[in-house]
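Chain nomenclature is as follows: A, B, C and D, assigned in order of appearance, with residue numbering initiated at 1 for each chain independently.
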Amino acid sequence: MATIKEKEQQIISEFENFDDWMDKYNYLIEMGKSIPQIDESQKVESNLISGCQSRVWLTAYMDDGKLYFKGDSDAVITKGIANLLIRVLSGQSPDDIINADLDFIDKIGLREHLSPTRSNGLVSMIKQMKFYAMAFKAKKAKQQ
Amino acid sequence: MATIKEKEQQIISEFENFDDWMDKYNYLIEMGKSIPQIDESQKVESNLISGCQSRVWLTAYMDDGKLYFKGDSDAVITKGIANLLIRVLSGQSPDDIINADLDFIDKIGLREHLSPTRSNGLVSMIKQMKFYAMAFKAKKAKQQ
Amino acid sequence: MYQTTNTGYNLEKIRKDFPILQQEVNGSPLVYFDNAATTQKPLQVINAITDYYHRENSNVHRGVHRLSVMATESFENVRQKIAQHINARYSHEIVFTRGTTESINLVASTWGKKNVKKGDQIIISAIEHHSNIVPWQMLCEEVGARLRIIPVDDAGEMDLEAYRDLFNEKTRLVAVNHISNTLGTINPVKEIVEIAHDNDIPVLIDGAQGLPHGSVDVQDLHCEFYCFSGHKVYGPTGIGGLYGKEKFLEEMPPYQGGGEMIKSVTFEKTDYNDIPYKFEAGTPNVAGVIGFGAALDYINNLGLENIKKHEDELMHYATTELEKMDGITIIGKARNKASVISLLIGDIHPYDAGTIIDHFGVAVRTGNHCTQPIMDHYGIPGTVRASFGLYNTKTEIETLLKAINKVKEMFG
Amino acid sequence: MYQTTNTGYNLEKIRKDFPILQQEVNGSPLVYFDNAATTQKPLQVINAITDYYHRENSNVHRGVHRLSVMATESFENVRQKIAQHINARYSHEIVFTRGTTESINLVASTWGKKNVKKGDQIIISAIEHHSNIVPWQMLCEEVGARLRIIPVDDAGEMDLEAYRDLFNEKTRLVAVNHISNTLGTINPVKEIVEIAHDNDIPVLIDGAQGLPHGSVDVQDLHCEFYCFSGHKVYGPTGIGGLYGKEKFLEEMPPYQGGGEMIKSVTFEKTDYNDIPYKFEAGTPNVAGVIGFGAALDYINNLGLENIKKHEDELMHYATTELEKMDGITIIGKARNKASVISLLIGDIHPYDAGTIIDHFGVAVRTGNHCTQPIMDHYGIPGTVRASFGLYNTKTEIETLLKAINKVKEMFG
């Protein structure tokens, strides 16, 4: 399994192929549309991260010491970016997730979507992912 | 007895003699100091017009259809200007007092002391003088 | 250069007054269609603020020195100018606040707390901005009163028959907006006030969008309160006002405590100042007030009727063109509308649409526009909103149409 | 040209940053000694406001378009800058308000109403600004609590022994000023907080005069709340802030209702936003915030220590010279004093003195300085107050001394 850094680098390379913003967004839309990530039955209040502009749903589970995420959003671009984040963080260890700085978002020119004041739900989604990582880590520590 | 306009003109002429602001203020100070207008015993709450910067006391009485004022202030310049106002309005009929526009204050260059926001009490004093005039007029009308 | 049938309205010259419009965004000229959120400022306003700081900045009221006298005069002149602009009877009926939101809160926390009791009712409409909902909700919660809602039909118009029926012996206040920031509906406020007065109930009007779009005459409207923001009418941020009928302001308890709003203070007893000062505790936003005055001068120089005519022209043009396009739903079709258009592009999420439109340099707003209940009414998460100001052009609308076509293409 | 022992403090250059200081008043160069009322603004601040309106003006938060993103970033950067400036732990501990007065009112009407009940007591001092008296009086009146007053001695210092004795099981809050605007006393706020905390009581500090005169470290002070105004620290009017410890802000009910401060609104139920937004209803004074940030940059560039050293020098020079003159009484002689001098000239009324001094182009303040109780304590109607800022000079003080001599001559 590739590390977070390796996966980030992969995505950065993919985005380097795009000449203009429209190609980039078309790719995001593609990703947002093509990958259904979460069951409709899981789109419930408790999995909802409300942003003022768009809504994000997130679920997580632990398997063999790694954390896996599924996500969705009512806005396609938000969903596309959410999927990039999930691609990078899903399947990693809680510690790596907690420490990830995710600056690839910056490098591929989508920083503004992660502004805390954009309220598309993505900033809260990252917080929630790290929160899950901390929670699973604490649970594991207790069990040992 | 001179009319209000005549008295205003008199004061304007007096002030035309002054070359600079200092002479003008010296004259005001003179007037403020030399003319004790009101009995100490009358400097009571009910005669007080409170300004935030200086305090003004005012009393009034009616004699033979004319209204007479006495006034005082804890600040000398305020007192000087108060005395100018009294000189002009005292001994006039209620109607003339109500209608007086007192623009001589402007002409002798003391307008800023009569700004409603200067709060030396002078604006309220003029209001109070006109209020007395209206009250005495109403009383007289009733008696007839 | 710019098409307009509005002779005498020199759009080219007007646009030069707004430095921000000369800017490029994402390589395209900025098209600013977010005027309902806030308007851009002409040089006349910016310069008035600069001049104030260069020449007379000082704390107002009670100073004996020259700067303070000058600043106070400029400050109070604007109060008078606003009073004239909305035809208030007295300038002391104008209270300076941070903006519409604070004006409404002021009334809720002074007049409201004195007059609204347990079991009482306050009437608002289904098409209010959060700023004209939440203060009343908070008041209701505190005293145990409740809100009654004037329903709104699908066109975005209030149901006046239903409104009439809401009155009963528990009604204490009607609070409605003059013009909806989301749908553009120009509400029949004069009639609303008349009906309320037939029931002896006072009316507060949220005029945030009323002041920018035509002339306001509070004596003609007969409303008890009218609330407005400077930044929505080409003035600075951080300043606005509350008009209140003298008698109402007189009887209201004070708002915030502090300097300016008192006559005398001892630890035992404090005497409050006269209106409007009773409601203006602390150092006011003097530069903001000066800029607000310059903004009113600016629009009055252009002519309120001219501005309205221009904006209406833009709105009708945009509406006609949008209705020609496939898959566009315009939300809000009141007969009497100001220059605000809310729309949906197919079932494309407003956030997606707004993101793409931004890349064409066009600033539209997306989301619920702080009017969530009316979004819930339509069953939608939000809209894309284009709102036009006095400097916008038909060419700019064409750019928007192009961007919308691109959105359809990309998400189609 | 300007004498100063403060090497590296280039007064001549600094003065060029302040366009208003180039002005004449009554034929003499303006001498601005009313800095405790409000300070003048450097070009850096004025330009920041102008730039903002020229380049990024937009409503903040929640917009997806470029201007809104830019404005929001600039806006939030200033929040962070302020947090750093006063060493707050988190930037969400900074709430934007109109100024100190509103910050105090905010705490009184949220934290206060929740925590102060009938019979409770609030401790303030005899030397507070009306803005730190009246909000507590209003709160006390509403809930049936009462004020306890820390006495002040003739030098203008609080009696800490008496303060200690004021605490009892009914005490709920201590609210005191950092630096007195009338007497210049720098109060021992750290010790005051310690004593309060020994009694488990939170402390609000009125920092209106604290922020302009030295560095403030809220974590070192350990205070629960710290209130300040932008316009007193070379920033614009209409903007200020409240620092509150996270835990306190979290637990406080919201302040005003409206846009920005909510997460979701239905007519049945409203969810409030996180701190600090919960307390920031309505469109904020964005340009004011930007200018405030520029002001902090400006004083930090000069160096807080340098400014303080310069101001202290002016104050000591003025004090020494005034003490040499006959018939001058300086009111307030605390050992630890900021650059504020209140004085009486014989028994000449302050209004008379101020009027004459103004004719020399010197702006001093006269009156009770919104601190009537301390005037009552001294049994005087007011004082003449000269307060120095970072741009003042010894030459200017000499002009003041000349004017005072003239006052003595004219009223002698």
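Basically, a contact is a pair of C-beta atoms (placed from the backbone, for glycine too) under 8 Å apart; a residue touches a chain by one contact, two chains touch by 3 or more.
Because the structure is predicted, anything quoted here is derived from the model rather than measured.
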item: Farthest chain (mean CA position) relative to chain C; value: B
item: Comparison of B-C and B-D (more C-beta pairs in contact); value: B-D
item: Rounded Å distance between chain B and chain D, as computed from the means of their C-alpha atoms; value: 39
item: Cα-centroid distance, chain C relative to chain D, in whole angstrom; value: 31
item: Whole-Å gap separating chain B and chain C, where each centre is the average of the chain's CA atoms; value: 45
item: Whole-Å gap between the CA centroids of chain A and chain B; value: 78
item: Chain C residues counted as touching two or more neighbouring chains; value: 26, 62, 64, 264, 351, 354-355, 366-367
item: Contacts with 2+ other chains: residues of chain A; value: 52-53
item: Residue ranges of chain C touching chain D (in the complex, touch as defined); value: 19-20, 23, 25-26, 30, 32, 34, 37-38, 40-41, 45-46, 49-50, 53-59, 62-68, 98-102, 104-105, 108-109, 129-131, 133-138, 147, 149, 229, 231, 236-239, 254, 256-259, 261-262, 264-267, 270, 281-288, 351, 354-355, 357-358, 361-367, 370, 372-373, 376
item: Chain D residues touching chain B - in the complex, by the definition given at the top; value: 26, 348-352, 354-356, 359, 366-368, 381-382, 406, 410-411
item: Complex contact set, residues of chain B against chain D; value: 21-22, 25-26, 29, 52-55, 74-78, 113, 120
item: Chain D - residues contacting chain A, complex; value: 60-62, 64, 69, 72-73, 76, 263-264
item: Chain A - residues contacting chain D, complex; value: 50, 52-53, 112, 115-119
